[in-house]
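Below are two complexes that have chain A in common, paired first with chain B and then with chain C.
Up next is the complex of A and B:
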């Protein structure tokens, strides 16, 4: 039966899809993310309270039936803030990885395909890589000024070198393949070759890196906000919430703990999914 | 391929581990270890303004005179006695004999002259040189007599000579060490000698065994009872709290979150001293910014802020709501300031905004000519400002004003304010006389900084100048009453609160009495001892 299926459907994608569906950890991560994404999308409906509503009479309450995760030093409902915070964190993750993916892939394709462009682009990426990425992000935010939008740009730029290198190395090897030679012999332009042959064949590792980078980007943005360089109050960003709550950790640990747990869960989920994707797509693991 | 997840964890974990295994205290006997969130940049008195630098100055150096714990009485220092001429323009100081610098050089009147000349020299560029701006000439009459001639009589010269920034220096040390003076080398006459400074980690001084000339406002005239004093820099609030509470690295700090006080007061191993300082925290409006030029907006903000909530909910009642610019513990404060002040009244605030043409938009934030009423507030990202602003943000949202918090590091904020980029700023200011704060902030010649509000009132200028020189006590009070009235009526500020301070120490620390001058807390630590 298996042989028949394989014969009928030779595309590697379905193989990968099946391998991924069999990976329990990855599916758990994906399921968890789905719940979070739904919560983020429907935050105003799902969240029990207004996340920025200050109510001094209800401040510093531990978890209770009324406030499932308690309230912070301004009496704001922590559960509602975490749900609304999911919107912010996921948006930051998507946009900054989008920046990294867009810029990095373009640069990588250029570097890998055109020999003359390879050296300057690779050198620039080496320079960027020589900074620890969180330091690079802090430096960029320091130059642009604090704020959620600048934090996205900073984290995005920090992810560019990884995408560039990955795409470049794929492009380098694909450029020499027979089908590229064949396309060139048929008179295809460079652009057509890049878009039709090189890019689609480098996609699989990019998907994996993109997923793993999402986790890293969300974490980096939370760190920036924790340091006061990202989200501005009263925005319910998880890193900022952890920072605001840390002064109360001795007496009211729930304020900093729950947003930190939220960061932990999202990062874990993206990593599980990313690992699963890699196992599913990595040709070296195929039988 | 690098894994996306852990790229930053390595260094962070390594840093945390390094902090954990670092040698904890300098746990020698009879050592006072003070916990601070930030470090000073220098202990050259002519290069600094920071409170945390000033408290070190009092211990490394001496001043000609001292300001007593009541913030009113001027008491002797290096000058045993002083005479003021009848016209108030000539001060003659008789120096104590037998005073020696840490290097062994005896103190003379020439050192005093050198110090004060260096302070006011434009080439020194001291940020506090305005404190002796009225001095015209400094003379060393003989080895132990110093004469100061003033352009006009001054009500504040002695206050300013009592400040840590007027500490007396050794000219030889200044010449010898040049630009390194104040960071690598220090020579004073104070009760403690400079020992070691590891920037952003610790500042160590040790007892000056020859010290016998302590000011009479302390019980012990010297030498100090403590062997050494260590200022440890611990940026993280919780770490400072735990080290103090567990008695592992600190035995005193003034920078502990007020939320912890109810618990710490019950701890038998600790002592909590609450005390008043001359201090005010305020929102200041930049009159150059069109949005806040309309006095109705400024008044509306004044009416919309519930100061009691700031004091009681954020700072646990440790302080009092502010009605005007001056602290009630400072002489010259207008006792009836509450009459002119703006009470909490959100309905009035809404009415004022309506009148000014700002009507509520779809999201509740007011709009005028298609523009949202969004006001940025600049503040330091620490010392309670973020929490204060978050509360104000919620209170102003209630009347339809959108507050944007612009939180900046302390090192970064001054330049931004000087450039005038702020519309509103939240800030605090220590003061022990009316001139120290009102002249500083509200004289038009002090624009754009420190008069960062670009407040101009010729009458206030004239009154402030008169206040410096007037001899009659009644007129003096009238002048400052009028200035405070005008400042409150113009609504150039929304005064927020007068904070109190809390010094939390191990119960083993004896006779540490906080001094309110310039909010330093630690004046000369002559009486203090640390038991076993």
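Up next is the complex of A and C:
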């Protein structure tokens, strides 16, 4: 059993790590994300001003040495709001994908491992996939009511089908492998087989999907906030900030532009890292 | 072929039913009593009780769902709580507006993305290939609302060429067309990067096939090799993606319509949610989801027509 518990498919391991480190775009994405995460963690120290401090004397100022990205219609410093907004956007992304990953992986493992559960779970996923992702999120927000917490749930549920399908297909293939058969012959329970063999061998594609889903989740949550269905002003969430700048777009486009560019940078970084991880873990997909 | 069509249509039915269940449940999952939600928070108890009886909310949930489904199948999606108009009427008008927008966006995005993808593949590793693929990667990460806002800022406010928002007149009038340009440009623009990337990889794969090598070996001009041999086969997966991208288009339409005050399904859904007009929310979402399922069905059938191997799979 000791030998069996170590049984894994040949793991990409250090080769993948080396390939990832050689991928300059992915490394740039990872580096940029690291800076953003540090800025988010130390936001109160890094941000030059209080993100909610109103100063009507300084309203609608273009970028200047005093306010690097200008001020909004209430005189709030846009750079400080973006730095604090990084906390919110990254948290939304992580929680949403956490919901999708947790629910989706569990359902996928059940569907892939227990034949009787496969049809109902797959049918449910087909139904969820029959809604365009934003529309599904809107439908869920419609039921639960607008707000940042409900937006996270809505975006998270929207990511469930992708995780379920991926884990299901991995589980379907892994459960037929010889080492799983051997473990079963030695009396390992279904739970043990899933936890010790099926799940670890499904991890690589899940990491890739999780990274790419973070980009999509942050974008989707920003869209919900922009529509007034997610985070609400004065919360410095990037989508809500862009929505606030909408009314001033003719003369002060910087109010909507800088938060939108922040979303763009984060989404791009996650996409670069996700693409890099995919190429590193499965070099055949590179072309 | 008829067997394949029948099987594919039958497989769609459970999905549509599941979709209707999910949409039906929106009202029931909402926190609070459904009758009070429909009547409004300030409605007196006798009005709430009346609505409960009228809408059958005092019946078991299964009976309520059957009633909802049978009414929906007859085109009755209830009445808007705000305007008291039939939801089906409001949704029908909005649907046509969204349809115009989505088709216009689709046409221009195809006209731009497919040539970019083909040229990038044919001139692989050239500056054009590298630049277009970098642009595609950057484009994939842009929030659609920013593209819309920048389009308004540039073309409406700075240059003054096009109107800021609204529907204008009917599509066949100059005013209608002028109002359509910016929303279609925004909605289509967000689709171009993914479509260009896919076209490129699809053409690259086709160019590496034996039949292309044979065509080249018999001395055919490269232009003809690409146009006659590679492109036809390369566009098959593109057809699938065009269908799948309708999800993105319908989702993107929600944002585009809100930015440009375009009176389509997406804007109607958002307004309905913000005003807690539940029958309208259910109607718009149901119609959008069923439209999406139908488009996927049509794409599958089209794919089978284009590639006869599919129906034997």
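One rule holds in what follows: the second predicted complex is superposed on the first by the 271 of 287 C-alpha atoms of A that agree within 3 Å, B and C clash if a C-alpha of one lies under 4 Å from a C-alpha of the other, contacts with A are read in each partner's own complex, and residues count from 1 in each chain.
Assume a contact is a pair of C-beta atoms (placed from the backbone, for glycine too) under 8 Å apart; a residue touches a chain by one contact, two chains touch by 3 or more.
As the structure is a computational prediction, the values presented were derived from the model and not from experiment.
On the shared subunit chain A, the superposed partners chain B and chain C overlap sterically. When the two structures are aligned on the shared chain, A:271 is found in touch with chain B and with chain C. When the two complexes are overlaid on their common chain A, residue A:213 makes contact with chain B while staying clear of chain C.
Once the two complexes are laid over each other on the shared chain, residue contacts for A:146 go to chain B and to chain C alike.
By the document's definition of touching, both partners, chain B and chain C, reach A:223. By the touch criterion stated above, A:244 is placed in contact with chain B alone, chain C being left untouched. When the two complexes are overlaid on their common chain A, residue A:133 makes contact with chain B and with chain C alike.
Only one of the stretches 185-193, 221-229 or 293-301 belonging to chain C has C-alpha atoms clashing with chain B in the superposition, and it is 185-193. Chain A residues 132-134, 146, 215, 219, 223, 228, 246, 249-250, 267, 271 lie at the interface with chain B in one structure and with chain C in the other.
Looking at the complex, you find that chain C touches chain A at residues 14-16, 18-19, 21-23, 25-27, 29-31, 137-138, 140-146, 149-150, 152-153, 157, 201, 204, 246-248, 250-252, 254-255, 258-259, 269-270, 272-274, 278, 281, 285, 288-289, 292-293, 296. By the touch criterion stated above, chain A contacts chain C in their complex at residues 123-124, 126-128, 130-135, 138-139, 141-146, 215, 219, 222-223, 226-229, 239, 242-243, 245-246, 249-250, 253, 256-257, 260-261, 263-264, 267-268, 271-272, 287.
Of all residues in chain B, those touching chain A in their complex are 1-5, 7-8, 11, 237-238, 241-242, 257, 259-260, 263, 309, 313-314, 381, 386-387, 389-391, 393-394, 404-407.
Per the touch definition, chain A reaches chain B in the complex via residues 52-54, 56, 59, 73-74, 132-134, 146, 159, 162, 166, 205, 209, 212-216, 219-220, 223, 228, 232-234, 244, 246-251, 267, 271, 274.
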